[in-house]
Amino acid sequence: MGHTAPYRLRPESVQRVIEAALTLVRELVHLKGETVKRLEKDAEKVPALLGLPLGHNSSFQQGPAFAPALIRESMWCHSTNSFTEKGIDLNDIRNLVDVGNLPIQELRDCGVDDKQLFDAISSAVKIIYQQKPLYPIVMGGDHSVTWPVVRGVVEAAGQPVDILHFDAHPDMYDCFEGNRYSHASGFARIMEDGLARNLLQVGIRSITGEGRAQAKKFGVRQFEMHSYEDHREYLENLTLGEGCAGVYVSIDVDCLDPAYAPGISHHEPGGMSFRDVMNVLHNLKGNIIGADVVEYNPQRDRDSMTAMVAAKFVRELAAKMAK
Amino acid sequence: MGHTAPYRLRPESVQRVIEAALTLVRELVHLKGETVKRLEKDAEKVPALLGLPLGHNSSFQQGPAFAPALIRESMWCHSTNSFTEKGIDLNDIRNLVDVGNLPIQELRDCGVDDKQLFDAISSAVKIIYQQKPLYPIVMGGDHSVTWPVVRGVVEAAGQPVDILHFDAHPDMYDCFEGNRYSHASGFARIMEDGLARNLLQVGIRSITGEGRAQAKKFGVRQFEMHSYEDHREYLENLTLGEGCAGVYVSIDVDCLDPAYAPGISHHEPGGMSFRDVMNVLHNLKGNIIGADVVEYNPQRDRDSMTAMVAAKFVRELAAKMAK
Amino acid sequence: MGHTAPYRLRPESVQRVIEAALTLVRELVHLKGETVKRLEKDAEKVPALLGLPLGHNSSFQQGPAFAPALIRESMWCHSTNSFTEKGIDLNDIRNLVDVGNLPIQELRDCGVDDKQLFDAISSAVKIIYQQKPLYPIVMGGDHSVTWPVVRGVVEAAGQPVDILHFDAHPDMYDCFEGNRYSHASGFARIMEDGLARNLLQVGIRSITGEGRAQAKKFGVRQFEMHSYEDHREYLENLTLGEGCAGVYVSIDVDCLDPAYAPGISHHEPGGMSFRDVMNVLHNLKGNIIGADVVEYNPQRDRDSMTAMVAAKFVRELAAKMAK
Amino acid sequence: MGHTAPYRLRPESVQRVIEAALTLVRELVHLKGETVKRLEKDAEKVPALLGLPLGHNSSFQQGPAFAPALIRESMWCHSTNSFTEKGIDLNDIRNLVDVGNLPIQELRDCGVDDKQLFDAISSAVKIIYQQKPLYPIVMGGDHSVTWPVVRGVVEAAGQPVDILHFDAHPDMYDCFEGNRYSHASGFARIMEDGLARNLLQVGIRSITGEGRAQAKKFGVRQFEMHSYEDHREYLENLTLGEGCAGVYVSIDVDCLDPAYAPGISHHEPGGMSFRDVMNVLHNLKGNIIGADVVEYNPQRDRDSMTAMVAAKFVRELAAKMAK
Amino acid sequence: MGHTAPYRLRPESVQRVIEAALTLVRELVHLKGETVKRLEKDAEKVPALLGLPLGHNSSFQQGPAFAPALIRESMWCHSTNSFTEKGIDLNDIRNLVDVGNLPIQELRDCGVDDKQLFDAISSAVKIIYQQKPLYPIVMGGDHSVTWPVVRGVVEAAGQPVDILHFDAHPDMYDCFEGNRYSHASGFARIMEDGLARNLLQVGIRSITGEGRAQAKKFGVRQFEMHSYEDHREYLENLTLGEGCAGVYVSIDVDCLDPAYAPGISHHEPGGMSFRDVMNVLHNLKGNIIGADVVEYNPQRDRDSMTAMVAAKFVRELAAKMAK
Amino acid sequence: MGHTAPYRLRPESVQRVIEAALTLVRELVHLKGETVKRLEKDAEKVPALLGLPLGHNSSFQQGPAFAPALIRESMWCHSTNSFTEKGIDLNDIRNLVDVGNLPIQELRDCGVDDKQLFDAISSAVKIIYQQKPLYPIVMGGDHSVTWPVVRGVVEAAGQPVDILHFDAHPDMYDCFEGNRYSHASGFARIMEDGLARNLLQVGIRSITGEGRAQAKKFGVRQFEMHSYEDHREYLENLTLGEGCAGVYVSIDVDCLDPAYAPGISHHEPGGMSFRDVMNVLHNLKGNIIGADVVEYNPQRDRDSMTAMVAAKFVRELAAKMAK
């Protein structure tokens, strides 16, 4: 997506652009956080929606960079209303605020490398976390964003999280096609950095030998689709996050069967139904302190069908987080 | 596109968000402008690409808000190269820089009204104009952005411009469906404000009685498609912008027949071919000091076919502007 | 869809058009009903297919007005045959006759208002009902048609019905966007008019506070998708319609997950599978005396995939009704 | 499209259905014609739009049966306005009235054969013609409808017409795939019946040996695309219809290159541009007393792009006819 | 698909083309078989992939002729990897080799009739079977290929097989539209020829009276979708192929609900989920000695979604066969 | 497209596969050539259609590998007939024979490298050329096939050809992305090898500095779109091929504007119309002894619209060649 300037830009000026980008986030977070405090004094936890339009770490298609704008449109479009399945009204400021996007394309066009970019992402997440009572709910972007988002959450919280991760793939390559920042490697980084106490992966059905070896090495629990029925009852009655910072939920839209979500980069048949994910999520017991919905790819979508799916994931996650 | 917070936000905090948004533009403009001066001392005029992801003033579809990201992708995509038709290399910093987007959605979600938003757009344009040797080339967004962009250019230049306007419609309703900021009213505002010395409209083929009356009132020259062949030679040999600030070119992608550009909101058969527009543009004599390409609607596009068209308009405009 | 003449037409001449429209239905009903009696003396209940190409009461998209012609095409297309899942041959006149469409567009173009239009619909339904052994099976059209259709059935039968209603939404707004005839309000009208003894809503997953309040007020039983598995056994063994006029079945195609039926106006993820609906329908015990299949929207369909779904709903309903 | 009842229906009852269908047309024609006379006493010629949703005589695809509803929607859709290119307002009753559809599917489902059906079409056209000041403008349907429509016009007028026929194909097979009523044979019938004094075919680029032989036999003038430039000036300055009943214009949408009109059954590259057709039509001198726009096929259209094209043909024809 | 030369070709020269076609298969089989023996001496059973691009025996659409090339592309495309769900690496020569396509179009263009063509298919299959340790896994093509493929397997093995057949339709018409080689008749031929000891049909939901009668006549066990849940446990624990040549698996992609596989010719709602098929296949006990995946139709696919499904069927079948 | 076996195959066995592939072509050429001689003794030049399903040398998308099967389908599909624009009947054996495809995928899966593959292509072309009166007309595949095809023609003819090349791009990179066999380098190879006496490139509108330098170096005449009108008369009256072996015509479908041919890999706006190409081709004077139509990409096509375009290019080329 887009272009990186081929000529060299002065690092100190680039740093000023990064600062300006974070200032934009900071002001929006401040504005929304102060408003919550003014209007709803006793709100304990309000999800703050942050968009990360980043697609360049995808191995196959960069479309996820276009996702946040389209998910937002579907969240508020006229074909649905502001209530979630369990009756939470997202037009109520206690249940959701929006803090805009981190301007990823602008940073990349300045020659910012992935290390700098991921640091900026972690910073943005911490800015949210520190503005009580806001908690981050992130719209990707490709799945590479989860590592810096979780890092921001864990650094702000001061301790690791339990991660509930829905995906067709484990995303634990040590290094994918030479890229350690790849969307296929994020959970290897998370485990190496000790950011997760437990990692549960649900929906897995495309996994190499390396993927299984990494799971073993890091103690990851993988729930594969070929035996989903054996684990359904367990998964629909999870308790997570006790005795650590809380729960982080990461939903890669491709956990779903492509029938339910054609607008993704990697069509892997045999996935979960939308209701399967809902059943796990609605019944989860635990304090969710951060979440993301990633890998929606508008360039493969049809009539925004998958945008509606990603939007409903965001909506139901928000309803589950809000307190 | 998206949501406007239904609760009241403090005006002074909103103002801080507007400032942060302009700061982001300012830093990018500064970074790119300084780099041009450092690397290419004798560049006289370098087009600076600014995205305005704004769609809410469309009467029919809001898709143009998603355009800038997709036009950028098409500009640099692997299916083409960095050279324009007349041999200008856009990877050369003398010929194009990118200064990112003004974060429209973030501003609107803070309850900024159209007056404030259009002022911010004019400010962003002036920030570019005042950083020599940069000149603005804008990607909409719907056609409502042209008014504040032209205003910014004219205020920075200190005198009116000649406008060459490609469009299926005159966009001169006094007020469209109650909205004076509508994408169908922009040129009425421009003429009322005295921003244009001459306004030439090319490609017109959907015009009401009011449209013709306004043209008469404001002295606008309309070249309608039903008699295009009678005017072809004249249009392919235009001289504009002498004795005023220069030329501003506004290309509404729907000037083209929908066969060439399906990705627009208003399919009006009988339009120009892509080559027709190129012939007018390539042969235009005059100093272009600002330009826009608007109304590309990704939600009606197919395989980014129209994104390539919009991108080529931007590319050829940049080549024409660069000096 | 289409145009309403902006000038005033004489009411008495308009009335003649309404009469002509009903005459067309009457002649078709007579022709088919007499043929049944001539060929199959002992047929007790023969479903008569009536199309209602009405879309203007949709809140979001008017495509359902185009549905009847496309559902008919799919019912008889070469990619399938004339047998239903349980072995009923729909080419046998005992199992289905077609009585054409009520010409909705023609009526609306004459300035007929919704009150008059709905009266004409009720009349058409009664014309069918009174021609023994025909019973109405209606193809919408948007969901606003259900109210006048049920009214026609109940008036002809002389007592209320039990309604089995498949839908993502309860459609019980008192008034939606100022329109009491809206497709989102039909079941409020039905309950207010006392047309239903019992109303069961299956597939619900998009419901506001008002939707729940209305259900409570009218004693409606809602089976929401978030707890579908808890009610599956009950729903797959229903007995309805005893001690009243019989059962009316209303299938809004959006009861299905959009994966199964993309050709609808309101994509609401997490819905029923096609087989879920079949399981409820095939096992239903009760005398179905009227039915509808509504909200198929050809403008969002792909390769007539959803037309096949709507057609199969009509086919299986007919097989269930025929006796 | 749809189904023909496989059992035998009584001819006298079928005749009653045909009568009811024509009564519906008659009442609409009467209503609209009387209104014109009441409101605009001096209107001399008002085009009356009649839809013929007939597709079964297509050799390849039956989609044209679905065309009239979609063309109507595009004529009045929000993406355009009610004015034609030369400034005629179609919302003015002097310029266009709508008399609805002849209910073709209902007739065919009663076992009406093509002879009866074509007689009903001719009757409907005559009903219009005899209600002064209405003149028929027909929306197909496939091209087989032109024969009975022209027959109706000629019978009502009492003398032959000059026909200006835009098409990729001559449609003059003596018999196509055994069907003398085929959409590929209509102009053979017209010429045999002596309905046309002159027949000019414009846009031809798919023609067999038989097609050329028939043209020679009937004295038809064919303007083939491979030499269009040689004839452009002549075609853009036509005078027709003097000394006979007047001019009939038949536009098969496939006269256009498929780039301009993908929504047709027969993609034949190398066709006219939309503007080419407009140039011929706008400059035509002659009294148009009947017209049709046929072969639009919604099932191959994309985002109603070709519906807009067919609608603009209808609109510009109406503007040209109205007096 | 394509053209059959309308003039007569000399039979002896045609025979030379058939021979050349089989020689091509023979050389590829030899090359791959020898390589397996050289590199992996103890491989017992290696699936050899043969493409049969044949579509002309379809009743409705001929697209399956284009399937093999697209399934191959999806099998190795970058959006997935070479491992199957249970951890088999298909890049290992023990698990899969490719022996190319039989050049069907070339044979048909020489005027080869279906008898000759089916004999050539059987010969190609036997060529594979006789090159130990290769066993055929076929990509259709339409379902008519199964008969000659099974015949080849049974002739090579010297005894009948048990057939596990996934399909929406029984494909047992005695003769479909006059064609005894039709894709809707293949299993009638198989049963008449005594090629199958047992035939189990899973996924059935479109069946005529004849289909049920044929099943009874031939002793076929049909598992219909309307009662799938009653048979799920049985089907997910099958043992087949003992005491005969082994098991043959035939997967018609339309066994799936169209939601999972839109790229098929016959959309029949209410089908199996992809996981349902996997559950039956993964748990099947028995020695699979031949298999096919048929009726994928690229012309109705979207973004290769169904190609991925067909490819995964091939992949998982190969993993199940390899030993 | 597809997979290359990752293990090593014995070169001598691979050679046998290459031989078998050429044998298949040889037998088909022999069969068709003998039939022509038998039936039409005085045919001087009969175009023989050879498919080259090769896509791996594309820089962007490999879809052209799927083209030949789909172009063949469009050539003979029911929506058109067998006559060309100037009245040549392609069902007459004097005007066209089909000799099938060279099995590219099978060769590549055996590890054949591009040198071997291109040699096989040249051999296949020479096999055609040497079977009088057949002359090759090739369907690509990507544009890399033109080099070996022209080489085959020139080697068989014993002297160079004049090449008329329609394309958006010059395809003369010395080496594109490290690949000297690239589809973007073919004409550099042709010129280096001295295969063309004259090379005229028509339709050029995407060209880098290197492209212009190579044209200068090799004396290539480029007709760029930005000045097409200046050269139209010259191009529509070409005489070529005198005093050398004759004319070779290479049509890259992307010479057309994407409006006319969306099914290509590189959308470059501002191209030729279909009629522009026809006008050059129909009026060309010269003896065409070989031709190709390349770069049709079915994966970006819609409803086979571009397949029809490619097919019509093949059809009109054949008509022009046949004698």
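Chains: A, B, C, D, E and F, in written order; residue numbering restarts at 1 for each.
The definition used in the following text is that a residue touches a chain if its C-beta (ideal position, glycine included) is under 8 Å from a C-beta of that chain, and two chains touch if they have at least 3 such contacts.
Bear in mind the structure is a predicted one, so any value in this text is a computation, not a measurement.
Each step here moves to a touching chain, and the least such steps from subunit C to subunit F number 2. Listed options B-D, C-D or C-E contain a single repeat of the A-B interface, assigned here to C-D, on the basis that more than half of the contact pairs agree by residue number.
Per-chain CA centroids place subunit B at a distance of 41 Å from subunit F. Centroids of subunit E and subunit F (each the mean of its C-alpha atoms) stand 34 Å apart. Residue positions of subunit E touching 2 or more other chains, listed in rising order: 257, 259, 302, 304. If you check each pair of chains against the touch rule, the ones that pass are A-B, A-C, A-E, B-D, B-F, C-D, C-E, D-F, E-F. Listing the residues of subunit A that touch subunit C in their complex gives 78-83, 85-87, 89, 257, 259-260, 273-275, 278-279, 282, 302-305, 308-309, 312.
Residues 1-3, 5-7, 9-10, 13-14, 16-17, 19-21, 23-24, 26-28, 30-32, 34-35, 38-39, 53, 62, 65-66, 69-70, 72-73, 75-76, 91, 93, 97-98, 100-101, 103, 105-106, 109-110, 299, 304 of subunit D are the ones touching subunit C in the complex. Looking at the complex, you find that subunit E touches subunit C at residues 59-60, 205-209, 212, 224-226, 228-229, 257-259, 262, 265-270, 300, 302.
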